[in-house]
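Letters A, B, C and D name the chains as they come in the text, with residue numbers starting at 1 for each one.
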Amino acid sequence: MLDKDGIAKRIAREIKDGFYVNLGIGIPTLVANYIPAGINVELQSENGLLGMGPFPFEGEEDADLINAGKQTITTLPGSSIFDSALSFGMIRSQKIDLTILGAMEVSENGDIANWKIPGKMVKGMGGAMDLVASAKNIIVAMQHVNKAGESKLLPKCTLPLTGVNCIKKIVTELAVLDVLPGGGFKLIERAPGVSVDYIRQATTGKLFADDDVPEMIFD
Amino acid sequence: MLDKDGIAKRIAREIKDGFYVNLGIGIPTLVANYIPAGINVELQSENGLLGMGPFPFEGEEDADLINAGKQTITTLPGSSIFDSALSFGMIRSQKIDLTILGAMEVSENGDIANWKIPGKMVKGMGGAMDLVASAKNIIVAMQHVNKAGESKLLPKCTLPLTGVNCIKKIVTELAVLDVLPGGGFKLIERAPGVSVDYIRQATTGKLFADDDVPEMIFD
Amino acid sequence: MINKVVSGADEAISDIENGNTLMLGGFGLCGIPENCITALVKKGVKDLTCISNNAGVDDFGIGLMLQKRQVKKMISSYVGENAEFERQLLSGELEVELIPQGTLATRCMASGYGMPAIFTPAGVGTEVAEGKEVRNFNGKDYLMEYAFDADFAIVKAWKGDTAGNLIFRSTSRNFNPVMAMAGKITIAEVEELVEAGELDPDHIHTPGVFVHRIFQGANYEKRIEQRTVRTKN
Amino acid sequence: MINKVVSGADEAISDIENGNTLMLGGFGLCGIPENCITALVKKGVKDLTCISNNAGVDDFGIGLMLQKRQVKKMISSYVGENAEFERQLLSGELEVELIPQGTLATRCMASGYGMPAIFTPAGVGTEVAEGKEVRNFNGKDYLMEYAFDADFAIVKAWKGDTAGNLIFRSTSRNFNPVMAMAGKITIAEVEELVEAGELDPDHIHTPGVFVHRIFQGANYEKRIEQRTVRTKN
């Protein structure tokens, strides 16, 4: 069973040389720490930056330079700054190759719910609806089950949707799964030591698994 | 009867302090020479410049700095450069207070034809259709009659239209005329020495004239 | 050159009235018009509709206006951590319209570009789409969203000149340029106001034609919401 | 940093094929991709649809491609003074679609911004409106116009870096930034190519994400179409 860094590390292997990537808040942010050497990527922050660098050294924080999570960050050689409209313009026109974000629920047809829980204070969808509606390639990073022990991979989302038919791949502490074009989750890899049966029990949506699903490889 | 500079000089009196103005090719370009002292205006060139200055001194031409007529020009303090989409964005959102352009025909309901003569080589409308469709305030600078002696102020345009219901004022070598909201040309001023009857004869469209139409004043 | 300079925030916002719709630039607390917000709190103008990506924090940014109950409605994409905001929302004192961040930015841009409506795929199939026209282009569904219609846009830039031209610094640019284009009246506060001619025309982000009033602000706090650092090895 | 540098114009345009649709930046002869046009003439690729505000002059710019009969169709707002253009047009060898300049620019922008269509009042009530959807917003009629779909966009910038970021100089900016955003493949030629990190991120007009190939051009003629001057008193 993977910890959050393990999920991030596994997702990092999906990033190809030359990719522009948007990382959501939470586990997706950790992915930046595991991008393999020799793979050149540029991170987009939807508040208006391409080429996001690491956190600044202490004392070098710049209030004018933050990411979409409002964290102080840095630029890198090749960075560019732009306004919010152009930022979402490049997202809508699919110039961002990969979006990685968290989710509360994903359905077997690729719907995602990650912004609103009825009865709780709603903070807003931020840029998530734009990202999931536009990206060519979206990977969800999340726990396989919620705190109540219920599967987050469902036949149909129960929470208000963020986007429909958009998620292509899910990486959890248990598994890597593809969302099949015709519907259903296809088990691609198991976390080390996790059985197909265990994953099946944790997955309420339709699960397709071959007899010999390989364990994840990390490098 | 006015010459081209006279028409330009009369139009210049319509420009108010603080106006952003777009000047078309031909007589409108001359208007820049007659803007009264103490009136601050900024000229927009729709290829991407606000704050257009005069022609450069000989030897100081810059191939990268031209106006919409492809003439070498200069910038002024306060100038800004932008791309073509933003340029027409500010035109469409009516940030340009006044557009002055030439015409082949204007109809009594404010339609304008100035881009195409059937049977002749058509060069294109350039930015004219955008300008006439968007501007709050449009003044046409033109000769009252064409080379064949026919009126250019008509009940209805005979040439392909550039825009509909958009012209507010016309200044010719003979007169200043408003286009009335309900249709028809209202004679506002006569060129020095030109009679109302003379103007009436040169105007095929409906003309409204008071008994004592004043002569133009130039300063 | 058309001079846009006013004496300060108080003059700049003097004609903002109860019930007006304001756009306020900034993302989180980054690039917000601090001086104008202070002046709006001082003026005490009420029943405002505020279009802004976020709603500030309890004691800074739009949060200061919320504390004084000046805001009737917020139109935002994310309202963050703000206890007073949450209290007013749950008690029904405050109306909130949450819209996707890209839709928010593009509806501002549409206004500045004179486009009455735009199409975006954001929100298709979700509750955001309720009551909206859906249109298919090339096999993909889009929502038609309308340009905003704001009485005032209030933005904050790094540098500006007397002609109203603006230059933003780093990610404090965010929503400021698109909102600057979208106000019936646009007010810009800047950290440094220079004479026309001192800014390179090629570096200007917002041409002065969009800006109606400009002044040099004072005492910028530029508070950091999430101070994240690394340590040198 | 993602490196976008190619060896030169020949490599940059090597996969442009007969029948492709190209966007070419520039206004008149100002800011046109001179090196790529030369390479396209040399390559002899044919049956091109060219989206460009103008069509060059007889012996410069797109005029050079017209001379070689490489252009099947021009989509422009104004085709200026060009005898060979006129001859081909009148003889029916060349197809021409004239559209308003703002519509041209905005259809490029729409493509770069992922908006399938936009609304503009330009051309309402004229022959430009024929066959197009007219829609009324707030009492005013607008035409719905579609985003362009171009195989390649070819632009010319002043400076660029190895990551594909572009800075334009003065009014040679014109259509270049909006076309740079709109190509399936975008090729940028620059007068000066620098290392990533040498350009101020706040000064970049076109972020590198939109640019697929970049190279430093050579021998820029930058011809002036209308040399207008005044004399010192």
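Here is the rule we use: contacts are C-beta pairs under 8 Å (C-beta built on N, C-alpha and C of every residue); 3 or more make two chains touch, one makes a residue touch a chain.
Because the structure is predicted, anything quoted here is derived from the model rather than measured.
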Those chains that touch chain D and also touch chain B are C
With centres defined as the mean C-alpha position, give me the chain B-chain C separation in Å. 36
Centroid spacing, where centroids are CA-atom means, of chain C and chain D in whole angstrom: 33
Distance between chain A and chain B based on Cα centroids, please, to the nearest Å. 56
Two or more other chains are touched by the chain D residues 106, 113-115, 120-121, 168-170, 173, 201-202
Can you tell me which residues of chain B touch two or more of the remaining chains? 49, 75, 81-82, 85, 89, 91-92, 134
Could you classify the connectivity of these chains, where an edge means two chains touch, as line, ring, star, complete or other? other
According to the definition of touch, which chains form touching pairs? A-C, A-D, B-C, B-D, C-D
State the interface residues of chain D toward chain B in the complex, per the touch definition above. 27-31, 53, 76-80, 86, 89-90, 98, 100-106, 108-109, 120-128, 158, 168-178, 205, 222-232
Please give the residue numbers of chain B that touch chain D in the complex, ascending. 45-49, 54-73, 75, 81-85, 87-89, 91-92, 111, 121-130, 133-134, 160-165
Chain D residues touching chain C - in the complex, by the definition given at the top: 106, 113-121, 137-138, 140, 142, 146, 167-170, 173, 201-203
Help me check something: in the complex, which residues belonging to chain C touch chain B? 1-3, 111-115, 161-163, 165, 181, 195-197, 201-202, 204, 207-210
Which part of chain A faces chain D closely enough to touch in the complex? 18, 20, 40-42, 44, 49-51, 75-82, 85-86, 89-96, 134
